[in-house]
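Read from first to last, the chains carry the letters A, B, C, D, E and F; within each, the first residue is number 1.
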Amino acid sequence: MRPNKVKALWRENRPVTVGWMGTADPYVAETLAHAGFDAIVLDMQHGMAIGPDRAALCFQAISTTDTVPFVRVPWNDPALIQYVLDAGAYGVIVPLVMTVEDARRAAGACRYPPLGYRSVGPNRARLYGGADYVQQANEEIACLVMIEHIAAVERVEEIAQVPGIDGFFIGPADLALSLGLPPGADISEPRHVAACQRVLAAARSRGLVAGIACSGPEEARRRIAEGFNFNPIGSDIGFIAGGAQRAIRLFQTGAA
Amino acid sequence: MRPNKVKALWRENRPVTVGWMGTADPYVAETLAHAGFDAIVLDMQHGMAIGPDRAALCFQAISTTDTVPFVRVPWNDPALIQYVLDAGAYGVIVPLVMTVEDARRAAGACRYPPLGYRSVGPNRARLYGGADYVQQANEEIACLVMIEHIAAVERVEEIAQVPGIDGFFIGPADLALSLGLPPGADISEPRHVAACQRVLAAARSRGLVAGIACSGPEEARRRIAEGFNFNPIGSDIGFIAGGAQRAIRLFQTGAA
Amino acid sequence: MRPNKVKALWRENRPVTVGWMGTADPYVAETLAHAGFDAIVLDMQHGMAIGPDRAALCFQAISTTDTVPFVRVPWNDPALIQYVLDAGAYGVIVPLVMTVEDARRAAGACRYPPLGYRSVGPNRARLYGGADYVQQANEEIACLVMIEHIAAVERVEEIAQVPGIDGFFIGPADLALSLGLPPGADISEPRHVAACQRVLAAARSRGLVAGIACSGPEEARRRIAEGFNFNPIGSDIGFIAGGAQRAIRLFQTGAA
Amino acid sequence: MRPNKVKALWRENRPVTVGWMGTADPYVAETLAHAGFDAIVLDMQHGMAIGPDRAALCFQAISTTDTVPFVRVPWNDPALIQYVLDAGAYGVIVPLVMTVEDARRAAGACRYPPLGYRSVGPNRARLYGGADYVQQANEEIACLVMIEHIAAVERVEEIAQVPGIDGFFIGPADLALSLGLPPGADISEPRHVAACQRVLAAARSRGLVAGIACSGPEEARRRIAEGFNFNPIGSDIGFIAGGAQRAIRLFQTGAA
Amino acid sequence: MRPNKVKALWRENRPVTVGWMGTADPYVAETLAHAGFDAIVLDMQHGMAIGPDRAALCFQAISTTDTVPFVRVPWNDPALIQYVLDAGAYGVIVPLVMTVEDARRAAGACRYPPLGYRSVGPNRARLYGGADYVQQANEEIACLVMIEHIAAVERVEEIAQVPGIDGFFIGPADLALSLGLPPGADISEPRHVAACQRVLAAARSRGLVAGIACSGPEEARRRIAEGFNFNPIGSDIGFIAGGAQRAIRLFQTGAA
Amino acid sequence: MRPNKVKALWRENRPVTVGWMGTADPYVAETLAHAGFDAIVLDMQHGMAIGPDRAALCFQAISTTDTVPFVRVPWNDPALIQYVLDAGAYGVIVPLVMTVEDARRAAGACRYPPLGYRSVGPNRARLYGGADYVQQANEEIACLVMIEHIAAVERVEEIAQVPGIDGFFIGPADLALSLGLPPGADISEPRHVAACQRVLAAARSRGLVAGIACSGPEEARRRIAEGFNFNPIGSDIGFIAGGAQRAIRLFQTGAA
């Protein structure tokens, strides 16, 4: 089976360069993949118009390079997890995991028996991964569960013990809301910081990975130094909106 | 009929802020439109996967704002010009115009009789433009013909006399090739510069507009000073590729 | 944030003109929106082929006018509610609400914490609604829960107390089935009439809205007089099928 | 080969009930087909967003009934005529035929050698038409050329002699423009009337059919009496816009 | 209502010829349907890129013939079952049924009250099935639940008593995994064989049908002899991959 | 620039294994590509529903392997040739070339100046081909012109001298029609055989390639021996229809 380059980087403790994708346009996907990300996360939760049809097309586009296709599914829903894995996703990010049971549901959907309850029937996954996909998939597929509520943080050490998960991905905006703080990224409020550190510590103590949604490459780089290693540095829509605004400003005022 | 904001800016001699679009993703279109461009050019010539179906969706997305939808059609083809106008484009850029006859063909496709030979049957255009669309369209729709070969430059004064065209749009890369120069943008080779100036002069002497494909906002701004006033400052794919590369560099090296 | 015109009409006690959409065609959506409806409901439950991709395109098409985009989601499913809200729907109709718990699930999916559990990440919603979308969305987004079973009617006063819902929408056909009656619209059987009146009374006693699926504009108008104020008066497919049959009859027989 | 029901009706001199389609939605197509039209014309010229992909889907939808799928192609373009025929259209309407040569180009594209120059390679056409499609298609496929300019009317008797065409379809709006009249349907200006009658006479003298775009079922019925027999009585978008406006008026004022 | 040909064959105890479809291409669907299958199963579970939009298109394509459209839904999810039935599926296969409660959920989603809890609102189903669809659908729609885990086999006699199911469909690969065996088809390991026979016996004792995913036509034929009567004999993707490999071998080596 | 594997095989005089694709389904494309073809021809002429949008998706799918993407364009139309090349096709087959002028038009559309008149603006082509695409494309892109009429055969030696074409592709069915023969493949009628041999001889005398549409791998292999080296051995739709019929026969009768 084609190895999961991101899991290899994690094992070697080398930083993973992660891009984010909020459209469902396969040409955008191919353009991002050629920019050199190790992984691209197709955001089926808060992205726009990314139903199953176009998600599959984006995986194909990404697969013209060696960038690894990840997906954030819209919900802790085994039907969708099954779908994106069969279609060739190599990593799944599951939102809104609150409890050990939620984590079991997420992890189980990513793993064939006896580890989980994924149903056998890879389609594009076998083309992309190789003929021994069913035998190796439990090893190569990455499963990250999102910790994005303070109640989940308070159980994170237990959640870390659920077999089949590879790590945590922190949603700082939703976590902030659960703490009564305004949503955002790169939040310095001490309770928020402490919560993030607790998630990181829980991950590391079990040999797992922790990642966090970031405000940009500077924060992502700083998070690497802290020990987080799945920190998206930008998104297609962010690049477009940011690039367009900068260009308009330059054109209209002559200054950036 | 809804007035064409770009033509109003031209009349008032105020600079037009132009964006370019090489994908066919309506969410990208809406994002660009919200960035504040006066016009967005959907590039059906060298864009990717922009067939008639998705072009129409992009016009709808742009029409949620007051940005004016332009199209570069793939060819001097009246069937496609008719299609994009009926679907609500307010400006058409016609590539590869070499002769007076080519320009007549392009201009005629954009105008109802007796000025041209456009067939009556606006569909979305009537929703977008208003009930008097057929009566006013000849006035409001913009038609730019591309000058992108030295042979066309040599006839540009004649071409400027073809009724129904609003101006020229220079394709500097193809023009360079026709001069035996390497393709590119913002070319300083004297023959290329002279050709561009001749196109501009021909336009101005007839009260027409001239625009030019640019390397970015700096060149576009400089071109405004020269008298060009339809100078795209960036594209969706350019923003994505450029933004992604910058972000990766920052993340990996800590420096931009 | 762009105000929700339908909620304003409700507050002012003025009738809301509601259209229904059972296809997923953005040109149909734009045509309906230009006809002058205050709101259009995209029916992802019993409409045809309306998956997430094309739903988003329909919201864009509607957003070229000031008609308010509503959606009937296929199920009381927070993942889909989250999706359509992020994509710019301003009203959600949730089918098959049977209990207080169902209503809490529906309402919670429409509201950010602390009122609900909606996850932060508006995409197109921020373009359509404005930069302060996250701050204001809990106020502006409409959430109607469907009462379409006699068992739900029997708990409707309790359901009316669930915070975050704006009102009820009666599904008369399913309600009829639950009473052992044949399905249909504008049903005069006394138990059905009594059930509808009970829902209306429960709504009004809590300052909520009640609406009902109608057989056409005449019933919808009569329902306004009764106090219902979200009464769809026709659908795209109904207009097509009805219009085509009438035209064929006229053509073939000379009489309507 | 499945017989072309419209050609049979023509031979028997029985009126053909024709619907028009300006969207590219297959559910709309199936709804129209079930209403009972003998033929539905998919309007790829002035319809909206009807590229080759969705056109083929509409033919499939229509083919669930015995309604005959016609297409108005956007241009007298043999590539597109070839495409829609291979995809299963049983009738083609070719716009903007001005000369005998134009008519030959149109007719030739619809016929296999030796009658024409259509290339062999039916795909869906063989499924829909049957295994002997290539042998019989020249007989069963209908080809109507549009007469929509006074200059074409003046040559209509010659055009009527071009082998391979089945008749004329008058575009009254464009014809009006060519006469210096305002565009519209059901035009009573004597020169326009005379032109239409001349087209009809030319058709009948050669055993061909004449049809005309109509304002609705009343005109279409009257045109039948005059001898025209391909007179569309309404369109999807017309039914939607008309139906919605009528419903809104009824709802808001209580009167139609 | 159009009768369900597969249910008729079951009643008459005649073998059903079943094809499988793992793409979402309507032309593939129409090609398969014309090959002469009694039923085609669109596999929304392990097929690729088959979201709701394209599923509906495939039903239309199949409905140009008298082949019966079945669907394997991705999950025991009443929202999706409702969707595919409203869109015209005549048979539903529900995966992963483990318990009597699972079977009740599946069966209930397929049946209108009082037998089940399906919501009224057929759209394309009424076009395809006929005007009396709502009255007859409970009789004509087929509902098969998948038995694909040994724990389900152990309760299969109870599951067989759930009203509203028409039979079982065995997933041999997942069943094998649940027995600690390698996944595959046509498995001869005695515990697997015994499990399959137990499912068949449970079905027959209640007058239900049993079917099983097969390795090809030979196994499917043998399974008919055993008493199974819904045994897919091949899939679009299987035909393509197998056909291509055979052709390449023949071309390159001269031998099959 | 990524080398064109097919041109390398031609140079080395090694047989090219060619597959054909008549659907527009990217999963079908990826499945075919994984079967091991050297090239896959996407047939935009006689394929079904292959507009520009889905063609681009198929190129992406094929590009996940080292199979080379070819296209048969629907017409000798430089706009479409430009489109498919910009989107990443590495070979173009141009139908209906009758004259030297036709061949010049086809070849010129495939080559940048000074060899041809292709406009600069590769989009996906640069991602797929590499940064030096514009410099190398004239060398790597393959251009085959179709000889499918006896009149073209009679000028084939002249056509062979047109710079920029790589060879001929014979359409035996249309060629047969032009000879007054029934269409088909692998035709043994002497005039047809002689015509094919003349095309082959003309190609070889100029160092060009000749290929021919074949009835299957046996003919394709025989054609290799004759000297033809672009001989498609089967198509997606052929594999499906053939595979399905064989499977049904085996299932129903027990014999192949």
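Criterion: contacts are C-beta pairs under 8 Å (C-beta built on N, C-alpha and C of every residue); 3 or more make two chains touch, one makes a residue touch a chain.
All figures in this text were calculated on a predicted structure; none of them were measured in a lab.
*Asks:* When subunit E touches subunit F, do the two copies use mostly the same residue numbers, with over half shared, or different ones?
*Replies:* Copies use mostly the same positions to touch.
*Asks:* With contacts counted as defined, which of the two, D-F or D-E, has more C-beta pairs across the interface?
*Replies:* Output for the comparison: D-F.
*Asks:* By mean C-alpha coordinates, which chain is most distant from subunit D?
*Replies:* A
*Asks:* Compute the distance, rounded to whole Å, between the mean C-alpha positions of subunit B and subunit C.
*Replies:* 41
*Asks:* I'd like to verify one number: the distance from the centre of subunit A to the centre of subunit C, where each centre is the average of its C-alpha atoms, in whole angstrom.
*Replies:* Between these chains, centre-to-centre, one finds 34 Å.
*Asks:* Scan subunit B for residues touching two or more other chains and write them down.
*Replies:* Counting only residues that touch two or more other chains, subunit B contributes 22, 24, 26-27, 31, 34, 48-49, 51-53, 56-57, 123-124, 237.
*Asks:* If you go through all the chains, which pairs of them touch?
*Replies:* Per the contact definition above, the touching pairs are A-B, A-C, A-E, A-F, B-C, B-D, B-F, C-D, C-E, D-E, D-F, E-F.
*Asks:* Help me check something: in the complex, which residues belonging to subunit C touch subunit D?
*Replies:* My answer: residues 15, 17, 19, 22-28, 31-32, 34-37, 48-49, 216-218, 220-221, 233-234, 236-248, 250-252, 254.
*Asks:* Could you pull out which subunit E residues touch subunit A in their complex?
*Replies:* 22, 24, 45-54, 74-75, 77, 95-96, 148, 171, 173-174, 177-178, 180, 183, 237
*Asks:* Taking the touch rule as given, give the residues of subunit A at its contact with subunit F in the complex, in rising order.
*Replies:* Listed in rising order, the residues of subunit A that touch subunit F are 26-27, 30-31, 34, 56-57, 60-61, 63-64, 123-124, 127-128.
*Asks:* Quick one: in the complex, what on subunit C touches subunit A?
*Replies:* 51-53, 55-57, 78-79, 82-83, 86-87, 112-114, 119-124, 134
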